[in-house]
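Below, subunit A partners subunit B and then partners subunit C, in two separate complexes.
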Partner chain A sequence: MGGGEPVLEVRDLRTYFPTMRGTVKAVDGISFTVLEGETVGLVGESGCGKSTAALSIMRLVPAPGRIVGGEVLLRGRDLLKLSEAEMRGVRGARIAMSFQDPMTFFNPVMRIGDQIAEGIIRHQRLSRREAWEKVISTLEVVGIPSPRDVAMSYPHQLSGGMRQRAMMAMALSCHPELMIADEPTTALDVIIQAQLLELMKDLKRELGMSSLIISHDLGVIAELCERVAVMYAGKIVEYSDIRRILREPRHPYTVGLLESIPRVGFKKERLIGIEGSVPDLIEPPPGCRFSPRCKYADEKCKEDPQLIELEEGHYVLCHHPVMGGG
Partner chain B sequence: MSMRRYILRRIPQLIPLCIFAIVINFTLMHLAPGSPIDYLVGGGEVVPKEYIEKLTREFGLDKPLHEQLLIYILNVFSGNLGTSYRYRTPVLQVILERVPNTLLLMTTSIMFAFVLGIFLGVSSSKRPYSLVDNLASTISVLGYSIPTFWLGMLLIIVFSVYLRWLPTMGMSTIGAQLEGWEAVIDTLRHLILPATTLGTTYLALYTRLTRASMLEELRKDYITTAWGKGLDDRAVYYRHAFRNAMLPVTTVLGLNLGLMLTGATLTETVFSWPGIGRLVYDSIITRDYPVLMGIFIIVSITVVLANFIVDILYAILDPRVRYK
Partner chain C sequence: MQPIVKVKGLKKYYPVEKSWIDKLLSRERRWVRAVDSIDLEIERGETFSLVGESGSGKTTTGLVLMQLVEPTEGEILFEGRDIFSLREEERRRLRRDMQMVFQNPYASLNPRMTVEEIVGEPLTIHLGLKGEERRGRVIELLDIVGLNPGKYYVDRYPHEFSGGQRQRIAIARAIALRPKFIVADEPVSSLDVSIQATILNLLQELKREFKLTYLLIAHNLAVVRYMSDKLAIMYLGKIMEKGVSEDVFQNPQHPYTKALISAFPDINPDVKRDRVLLRGEIPSPIAPPPGCRFHTRCPFRLEICERDEPMLVEVEDGHLVACHMVE
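Up next is the complex of A and B:
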C-alpha cells in the first residue's frame, strides 16, 4: 500500500473568492501528497473547502474564485504554471474527476456514450467508432450490465446508481494517473452506496490507480483510503493514515467528527455532535479556527497553530492535541 | 417513444385549436361596432330599405349569429374565405398574392437576425462585461428601443435620399421590365432597407436572449464536467452549452415565425412593401372585413403550426421531452 513515488503533491495551496463583504479564504494553505497507487481521503463538513480544493487541483475554480498561491505538483510538475492549453491536456487524461451529483453533472441533452467518448476522442485521437468501443468496455469495467443500452441512454433515463457508475467510467476512460472523486456516493441510497464502494475497492485493486476521495462521510473514507486529511474551515487540521485517525484521533475536531458517526449495534448510544457551526471564512476566528467550538480551547488558541508531526506521518494543527484517543 | 409517434400523437390536438381560433376571430369581428352593410351602401340616407334588406339576406347577415358562424366555419374548411369588398375578388386570392412578398421580407429579416443574434449572443457570453459584450449590449438595447418606422425613415434618408445607393420603396423598379438575374438583384436591392429595419428589432431580441440563456447554461454543473474532460472552448461552448441554451431561443424563433404572415405593418407601410402587413393596414382603412378575417384565420393557423413545429424542434433538441 502506498509507499511509491508521489503522484500528486499539493503544497500550501490557497484559493480565495473575493466577495462584496470581503475575501472568502475557501482553501487556505493546504498541503498533502498522494503516492503511487494510494488512495487519500479529504474529509470535512460541507463548506470546509474540500470541493474547492479538488477544483483547484483541476484548475477549474469557478469565477470569481482564484488560486492565489501554492503549488500543485503532478509527478513533480507544477500544474499552476502550465498554460491553459497545456492544462487542457492534463484534465481528463492525467487527472480525471468524477462529480457528486451525476444528474446535474451530465449534460441532459447528450447521450451518455457521447459524453464519455468525447474525452477519449479528445485525448487519444480515436475515431468516434473506436471511442464508442472503448466507452462500452469502460462501462463494463464499472459493472454496468448492458453497457450498449446505457451508452445510448440520456442521463435522465438512468437510475442514480447507474449514473454514478457511468460518471466513474467517464473519469476512468482515459486511464488517468490520478482520479479525484468528489462525494462519489453521497447522492445514492445506502444499498447502492455499498455496491459502489465495493466497485471502487475492486477498481482500486485491479487498476492500482492513485486517487483522491472527497467526502463528508468518514465511513466512506475509511472503506477506501489509506491516508486521510481532515479539513476544517479551509485548512487541513489532521493528516495521517486512516487507522491511526480512526483509533487515536488527535485533533479535537476529528474526535468530534468520529463521535458523530452513528454506529449500528451500539444500543441507544447518544450521538455526540460538534457544538456550533462552521465559522465565517471571511473573518475567521483568530488563531485556531476551531477554537470557538473546541472544549479544550484556551488563551493560547488565539495564536495561529503550527502543523506538528506527533509521530511519524501523523500531523496535527493544534495547540492541545488530544491524548489517548477519542 | 419514437419521433414519429410523438408527432402523430400531437397532430389531433391541433384541429380543435384551429376551430377555437376561428370562433374567437369571428366573434370578435361581429362584436365590433357597425355592420359591413353600412360600409357597402356608403352610409347614405337615401338608400332604399329594401336594398339594405336584400344585401343583408345576400350576405346571410339576417341569420342568427351561431348559424352564421357554422356557415363560416364550413366555408373556411372548404377553402372559401369569402369575397373582398374592395377588390371584388376571393379573399384567399387577395391574401395569397401578398404571401410570397411578406414571406420574403420576414424570412430574410428573421434569419439575418437569428444567425447574427446567436453569434453576437454567444460571443457576449464568453466574456460577460467585456468590450465585445458591452458593445453588443448597447447595439441590442438601441435596436430594440428605436421605433421601427423611425429607423426605416432614417435609413431611407441616409441610403436613398443622400447616398442614393438603394431604392426608397416598393419591391421592384417600376416600369423597368427586368428579367432573370437582373430582376432578382433588383428585388434584393429593394429588400435591403426594409429587411434591415425589421431585422434590427429581432436582432436585439436574439442577441439578448442567447446571451442570457448561454450565461445561465455556462453556470451549470455539466459545464464543469465538460471542462474537466479537457475539452477546449469550442467544444464546451458550442457542443455543450449552446445546445441547451438554444431551447428558449427556439421557442421565441417559433413564435416569431408564427407571426411571420402578419407581416410587419409598420415596416411594410413605410417602405410600401406589398405584403400582408400593408394589406392589413389598407383593409382597416377601407373596412374590408372579409379580408381582415381571412388574414386573421391564416395567421392563427400559422401560429398553431409554428408552435407545433417548435414542439417538434424541442423534442429533437431535448431528449427529456421526447421520452416523457
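Up next is the complex of A and C:
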C-alpha cells in the first residue's frame, strides 16, 4: 500500500486560540499527507494539538479558536477556501470523523438508526426507507450482531463498544474518501479494544480506505498505521513510516516516549520516562519546544529547529537528532 | 512467614433497587455480585496485582480491604488479625498501616485545601501534629515524592498542579503515616505515558525505601508486568488465574488470560501474533452465567463448562487456574 496519490495534504496549518492571557498556539505550522489507501497516525500526549489538528481539517474548531494559516488540500482542493455551505457537503460525505466519546457524540433522544440515516438522506438523497436499509447493512459491516435492534435503540441502551461501532458505521455510511478517527479505542476495555482494532484492520483491507488515526497510544498506532507523525506542543517533531519510528527514533521526545512505555511482551527493564511537563503554549520556550525537558539541549536549541530529512521519508525537527536508535 | 494480608472467601453483593413492577409482582431482590468468593494471600514486601476489565470486581476488592466498604461475607486478616472483628479504636489505629492511592488525582484531592492541609491531615488526625512541626513534615514528604523543593509547593492548591504532580501529592498523603500496605487503584491510568513512567518509578523507589507492600489494581497488563511480583486475573467477581507474575505472563493457562495478553496492542513491530479474540462483552454481574462464568465468551468451551463451576487448581508451584481445560 502507499505510493498512491495524496488524498489529504496538510500544509503549514496553524490554529490559534485567543485567551485573556494571550494566544494559545495549539497547532503551529504542521504539514503531512495521507496517500490513497494509507493509514497515517498522529500521536502525542494530551495538549499536543492532535485533536485540534483533526478538528481543523474538518473546519470544526470551536470558537474562539481560529485557523490562522496554512492549507488543507483534499485531492488538491483547499478546504479552507470553501464556503460554509460547500464545507457541509464535505463533512460526513467526503471526510468522516469518529470521536473518542460516542456518548457525547450521539444525540441522546434520537434512535441510532435515525441518526445514521440523517447523513445518508442528506448526502445521498435517498428516501427514509432506503436510507434505513443502508443503515442496517452498514451496522452489519461493523460487526454488530443484531443490526435491526441496534438501529432501533437509543444511545444509552448500548454498551461502550457497541456505541463505538455504531459511530464507525455512521462515519462509513456515506463512503468517505478519508476517515478521521480521534482516539477510536481509548474509552474501551482491552478485550473490546482488540475487537475494534481487528475490525478496523478488516475494514481497511476490504474498503481500501484512507484514514487518519489520532491517538495517544503508540500501540494502537503501531497496529493500524503505515506512517506516523509525532506531535509535541503544537508541532510535528518526527514523521516517518511506523517501523522506522519504532526501531530508530531520532527525536529525543520520541525516544523518551518509547522508553516510557512498559511492554507486555518483555520482562521488566527500568522505564525512563520524561521529567518535567508540557510547556505553556502561550509563551512557549524559545527555539525548540522540547528543549527544557531534553537531555541533549544546548545553546543552539534556543533557535528554532528546521524539519530535516535524515533519510528518505524520515523527518525530524531537532538540532541534535539521536543516532543509533537511542 | 505469615502473609501481611490474607483474604478468605470474600464476597461483596450490592442490592439492586427494586422497580415498581418488581414490587408489584413481589419479586425477590436481586444482587450485583461484584466480588463472589475470592481468596488472596499477599506476602510482605511484594507487589500483588489485581487485573481485569471494568466490572470484574477488582476495585471493590480494594475498597473492602481498605475498610471503605463492608463485605457481605468472608474474612480479611491483616497481620493475622481479622480487621472486621476489631473494635473501632483498633480499626482506626489500623488505618495508619493501610493507605490508598486513587485513580483520578483530579477527584481525590480537595480543591479547597492547600497541599499542606491535604498531606498534613492524616498527620494531625493520627499523630496530633500541628503548626511548624506538621509543615516541616509535609515539606519533607513532598521532597520524597519528587516535588522539590517542597517549601515551594506546600502552600499551593491542587489546580496549580499537573496530573502527574497531583498524583505525587496523593502519594505523599498515602505515605505520610509510614504505612505498611498501600492499595493503588489504577494509579497511572489517567496520566500521559511519559508521566506514567515517572510515577511507576516513584512507586518502586518508595517500596524499596519504606519496605512497602502494594496491592496494585490495574487493567493495563504492561504496567502490571512491570510492577508486580504476583497477580490475580479477575472476571465477573471471580479469580480465573493467579500466581507469580512472570509464570502467568510466560505460561498463561486460562483462555481469558490468554485473550487479555493477546488483546494488548504492542509497539514491537516484529511481533506477529495470533489474537485470541473473544466475542461479545462481559455479561451482567447480576445474573452471571452458570457453570464457568467465562463460558459464554470462551472459544474453547466444553459442555461441562456450562454446568459445573471450575475450582482453582495448581498447575505449577503457586500457579492456580480455574478452568476445566487444564484439570
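By definition in this document, the second predicted complex is superposed on the first by the 325 of 326 C-alpha atoms of A that agree within 3 Å, B and C clash if a C-alpha of one lies under 4 Å from a C-alpha of the other, contacts with A are read in each partner's own complex, and residues count from 1 in each chain.
Quick note on the criterion: a residue touches a chain if its C-beta (ideal position, glycine included) is under 8 Å from a C-beta of that chain, and two chains touch if they have at least 3 such contacts.
Given the structure is predicted, the values throughout are model-derived calculations rather than measurements.
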>> Per the contact definition in the header, classify A:R91: touching subunit B only (first), subunit C only (second), both, or neither.
In response: first
>> By residue count, which of the two partners contacts subunit A more extensively, subunit B or subunit C?
In response: C
>> A:R129 in the overlay: touching subunit B, subunit C, both, or neither? Say first, second, both or neither.
In response: neither
> Is A:G119 in contact with subunit B, with subunit C, with both, or with neither (first, second, both, neither)?
Replying inline: first
>> Just checking: does A:I192 make contact with subunit B only, subunit C only, both, or neither of them? Give me first, second, both or neither.
In response: second
> In the superposed arrangement, which partner chain does A:R243 touch: subunit B (first), subunit C (second), both, or neither?
Replying inline: second
>> One more residue to check, A:M170. First (subunit B), second (subunit C), both or neither?
In response: first
> Should A:D101 be classified as contacting the first partner (subunit B), the second (subunit C), both, or neither?
Replying inline: first
> Regarding the shared-chain residue A:K295, is it in contact with subunit B (first), subunit C (second), both, or neither?
Replying inline: neither
>> Just checking: does A:D217 make contact with subunit B only, subunit C only, both, or neither of them? Give me first, second, both or neither.
In response: second
>> Please output the residues of subunit C touching subunit A within their complex, sorted ascending.
In response: 53-54, 162, 164-165, 192-198, 200-201, 219, 221-223, 225-226, 246, 249, 259-269, 271, 275, 277-278, 281-282
> Which positions of subunit A touch subunit B when the two form their complex?
Replying inline: 55, 58, 60, 62, 88-93, 96-97, 99, 101, 104-110, 115, 118-119, 122-123, 154, 156-157, 170
> What part of subunit A is in contact with subunit C in the complex they form?
Replying inline: 45-46, 159, 161-162, 189-195, 197-198, 216-220, 222-223, 242-243, 246-247, 256-268, 270-275, 277-278
>> Quick check: in the complex, which residue numbers of subunit B touch subunit A?
In response: 220-222, 224-232, 235, 239-240, 243-244, 317-320, 323
